[in-house]
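Shown below is the structure under consideration.
Naming follows writing order (A, B, C and D), and every chain is counted from residue 1.
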Amino acid sequence: MSELPAKPVKKPKRVLPERFVPYKGVWVFIEHEHGHVHPVSWELLGKGRELADKLGVELAGVLIGAPGPKIAALAKETFAYGADLCYLMQDAVLHDYRNQAYTAAITTLVNTYQPEILLLGATTQGRDLAGSVATTLLTGLTADCTGLEIDLADRSMLSSRPTFGGSLMCTIVNLATRPQMATVRPRVMPLPVKDPKRSGQTFRLVEHALDLAEESIVTKVIDFIPDSRADKPQLAFADYIVAGGRGMGKPENFDLLFSLAKTLGAEVGASRPAVHAGWADAERQVGQSGKTVRPKFYLAAGVSGAIQHRVGMEGADVIAAINVDANAAIFDFSNYALIGNALELLPALQTAFAARLAQTRARATRSTSQEDESN
Amino acid sequence: MNAAVDFALPTVNVEEKLFQNRYRVDAGRPHITLRNADSCLACDAKPCTVCCPAGCWRADEGGKIDLVVDGCLECGTCRLVCDHDNVDWNYPRGGFGILFKFG
Amino acid sequence: MEKFDVIVVGAGPSGNAAAYTLAKAGVKVLQLERGESPGTKNVQGAILYAHALEEIIPDFRDSAPLERHVAEQRMWIMDEGNVCTGMTHRDARFSSQPYNRYTIIRARFDRWFSGMVKKVGALVICETTVTELLRDAQGRVLGVRTEREQGDILADCVILADGANALLGSRAGLRHEIKAEDMALVAKEVLFLPKETIDARFNISGDEGVVIELAGNVTHGMVGTGFLYTNKDSISIGIGCMLGDMKRQTITPYQLLEGLKQHTAVRPLIEGAEMKEYSAHLIPEGGLKAVPQLYGDGWLVVGDSAGFVNGIHREGSNLAMTSGRLAAESLVALKASGKPFDALNLAEYKRRLDDSVIIADLKKYADVPDFLHNKPHILDLYPRLLGNAAHEMFMVDGQSKRAKQRKIYAELKSRRSLLGLLGDAYHFWRAFR
Amino acid sequence: MHIAVCVKQVPDSAQIRVHPVTNTIMRQGVPAIVNPFDLFALEEALRIKDRTGARVTVISMGPPQAEDALRKCISLGADEAILVTDKAFSGADTLATSYVLAAALRTLHEKLPLDLVFTGKQTIDGDTAQVGPGIAIRLGYQLLTYVSRIAKIDVQNRRIVVERRAEGGVQVLESRLPAVITMLEGSNTIRFADMPGMFTAARHETQHWNREAIGITDLTQVGLKGSPTVVAQVFAPKPKAVKALRIEGETPAAMAEAFVEKLFTDYPQLEEALLEHLDQLAAQEQQS
């Protein structure tokens, strides 16, 4: 039997222990680094709002970091994305992400204010933190979820996620412990519309102190090297990728890809035949025997679309392909088809993108300056 | 009496078939290599491009042979059908190459 | 450096049979397999002939992974796209215990057999490729070199069970290189279907199985055959041709296989099946003439590596197991009488082969390879003539039967002169008597 | 110095593939292998052994046939292999698994004090990446996840410096032993065992530890009973049905312009995110 029908969810009977009955509310961990919130946190506030409304409870943002004006502004921003309140923990030890400090902060808040659901983004930080928090709280945690639902019969959360490397999906339920924890992949839940005013809603800020001395925190952060300065291409973590295949004709033509990549801040990938022909190094190979990538945007130039390539990049949000052959296999799983010669289209795309981005940026600066004049 | 209808030969994308197989590719260490690429240019029949069951042997328009052994089934055919004895043929390192699930 | 009484190179049927028999008799055996586990590098139709295995592991049926027992044999003569004339042999005696033939899946079967080999005490090491034989100045084989560091291993005797390509023997100069003319290339797929569907389509039930052997111009004039075997919940389908023919034409192995799968007699049997593996393998079909030197100072060769295949009856793995057993028994006998494993004493292995069915069958069909080689039209012309003749006889269209008979003879003579016909019959008789 | 490496035998999930077009699941004939990510962790441990003579013990929780995975680790150079196997442990989720592995590691620590515990980044069947953090918390060791390079180990002063993957870049951390490290794949190339290693592995007698051997009496914390999360349903993902929109344009420039226009009208957030991304890159450039 190789076809697995979606059977109804069968849940073993287990009753929620007494001590967890008072756990109420949906929390979302707001991940931020260098004053910049990871968009997955806003996406989770959108989903959290939906779950909280269904459960009839409050939605809270959980914001921890070093004291300063930035963190207060971020707290207000959680309101704009739908939070009823925000738990804020400010402490110098929380300046950079460190597992021991952040785990202590989160577990203190959870044991004090007892949420029933705690959501984190499935980023390297979110997965590192969720694992240690769940073990400290001895509660259930489901990783990399792509879907969250509520079963109102017993208020339990059904989290569905890929397993066996994405080959199968499964629905996981946490019956016996609280909070029900889950990490969710970026760009799976829709980004909610930001509404700074949310007329008729009040916003509460709940501050809580963390008593943890720097001396007792063992791990110190010495440095941070941003990807742009990394020596090796970071294809697996790139959000924008332009990839070349045999259709590029010659190794020199890969320069066209590198210059377009510069305009888009993208990484350059390659299909197996291109790597095999020595036109790009093995680090850039996308596909079954290369890297699996999940970028926001993937442009494939001169790539035929063999299945071994497809399985490595099919997870991209938006796929555009350039190929002279109108019925190349790649067009079966691309959003946009540009039928033509990549060597002419790539430079044209570079100018078109540069022009459009400059125009949008100009319009944006004009409108913000008008806004400054008006208030 | 009409002769049996001559059956049109199907066009087959062998990559689709190889996708079902299990491989552990020994990246950077191809187990089959050409002894010297020029003698392929002189060969016009190129039986390797026909007989290889995994389609590893491809000739581009210029007649130059492009050999990719990631999908090789290790049958040994290319070595035998090459009239110029131009194929340096070995088994992959232990545990690498094709790994038949059924065989 | 590690030293063993015997090193067996390869964990296919012949290697496993040899290692099992040796280890059971208390010989210190090392078996080396290049695959991740035994079976991952082996491909076969695959039919298991019980008789050969019974002589090695009498109670193999208690634990061996067997798919179905063969209850029905079908022989098909096929025209390319739309004609198939055949014979079905169903025999209740095939379905009485102990069954004589089974369909198997080699990856599972070889892993089972290797488990038995380990159980009787042989040391089995996988993921290790033997690259060459170690020999002294006089050419005596002293052991093997593997591709791993510090990879030299010594032994009093090395059994070459390294399969159809027989690289070790030819590179050591112990035998001639195999030739395209002596080898057949088979392309094969394993197609999965629910067991009930297979049972319904082949009119069988329980663990009964059907095997179909087929030939004709589905191989487009090349000398070759095809097969369709029923496993528990899958069908093994394959087609193969002599490389000597294949290298002189332009049809690829996967086109041949796809063409067979789309043949009107085959398509309904595999409709809706899922292809889970595509494989290919060489089969030694050179017959007795292609059998190499079988023994020498410190070495023996068994199985496909020795070319022990009887293509006419689709027998290979049983000959492999028997040759593995005979090689092992020879070594055990010599060791018991304290004799060294030199060429003089290892002739014992050849004597046992000569008394066995292996050489007898190979002698019987020694001329068949040349016969088919010299008369390629056999598998192209006669299938078409047979198809058209059957069509003519079964088509009721108002013509008198005598007129139809004349038409069949007319086509026969137009395609093949009477003398040619008699020549074919005579040579056929001489090759197959 | 004593290093433990946690490995797991998993089905070769790359083989349990859903055909992107037919969307059928292919499970038959799927063999068990060592979780590939764990081999990168073992390689890192063996490189430390090569440099410092550290002792490397591999440990795995699983059914008896998981022994093959441990044998593979012995062939690569691990000194000892321990299989933690007991009927009571089956069906465990990550919380119950880290409970059992932590108990086994404590037992191992009593025999020879542990300095480092390595795990792979995650398994290719569960993909959760939660067992590493779980072990660290239960043992009270420092947790260093997604490590791409170990810069320095100073055993005497119990100090370790690593580079770990963070969002948008790499963090350089200094921490103290004992620590749990989860290794990123591709951080090193896995060695090819030598022949003596293959012989040692083939002859190796793997130790089997059951619950008594690792001092577990509270069965409510192990196996299915000890697992707060349970799989309620398994199903095949929907294939991603996509129809490519063909962009028209006589000249390359016209086609390019039409494409960029269409792309950003269909996906306005993509343009916003791209502009933000470019601003970040520009800011990082100024810093360096």
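Here, a contact is a pair of C-beta atoms (placed from the backbone, for glycine too) under 8 Å apart; a residue touches a chain by one contact, two chains touch by 3 or more.
Every value quoted in this text rests on a predicted model; they were computed, and no experiment measured them.
Trainee: Count the touching C-beta pairs: is C-D or A-B ahead?
Mentor: Comparing C-D with A-B, the pair joined by more C-beta contacts is C-D.
Trainee: Measuring between mean CA coordinates, which chain is farthest from chain A?
Mentor: Between chain A and every other chain, the largest centroid distance is to C.
Trainee: Going by C-alpha centres, which chain would you call the most central?
Mentor: Chain nearest the centroid of all protein C-alpha atoms: D.
Trainee: Roughly how many whole angstrom separate the Cα centroids of chain A and chain B?
Mentor: Averaging C-alpha atoms per chain gives centres 42 Å apart.
Trainee: For chain B and chain D, let me know how many angstrom lie between their CA-based centres, rounded off.
Mentor: Once rounded, the distance between the two centres reads 35 Å.
Trainee: So what's the Cα centroid distance for chain B and chain C, whole Å?
Mentor: 22
Trainee: Please set out, as single numbers or ranges, the residues of chain C touching at least two other chains.
Mentor: 36, 105, 107, 127-128, 146, 148, 192, 234, 274, 276-277
Trainee: Residues of chain A that touch two or more other chains: which are they?
Mentor: 2, 288, 307
Trainee: Mind pulling the chain B residues that touch 2 or more other chains?
Mentor: Those would be 20, 93, 99, 101-102.
Trainee: Spell out the part of chain A that touches chain B in their complex, as residue ranges.
Mentor: Within the complex, chain A contacts chain B at residues 272-273, 276-277, 282, 288-289, 306-308.
Trainee: Which positions of chain C touch chain B when the two form their complex?
Mentor: Residues in contact with chain B: 34-36, 39-44, 46, 79-83, 105-108, 110, 126-129, 131, 146-148, 164-165, 167, 178-180, 183, 185, 187, 189-190, 234, 236, 243, 246-255, 258-259, 262, 275-282, 384, 387-388, 391-392, 407, 411.
Trainee: Can you check the complex and tell me which residues of chain B touch chain C?
Mentor: 1, 3-7, 9-12, 14, 17-18, 20-21, 24, 45, 47, 50-55, 73-77, 79-81, 90-95, 97-103
Trainee: Taking the touch rule as given, give the residues of chain D at its contact with chain B in the complex, in rising order.
Mentor: 12, 14-15, 26, 28-31, 192
Trainee: Okay, in this complex, where on chain C does chain D touch?
Mentor: Touch residues, chain C against chain D: 2, 36-37, 105, 107, 123-125, 127-128, 146, 148-153, 192, 234, 274, 276-277.
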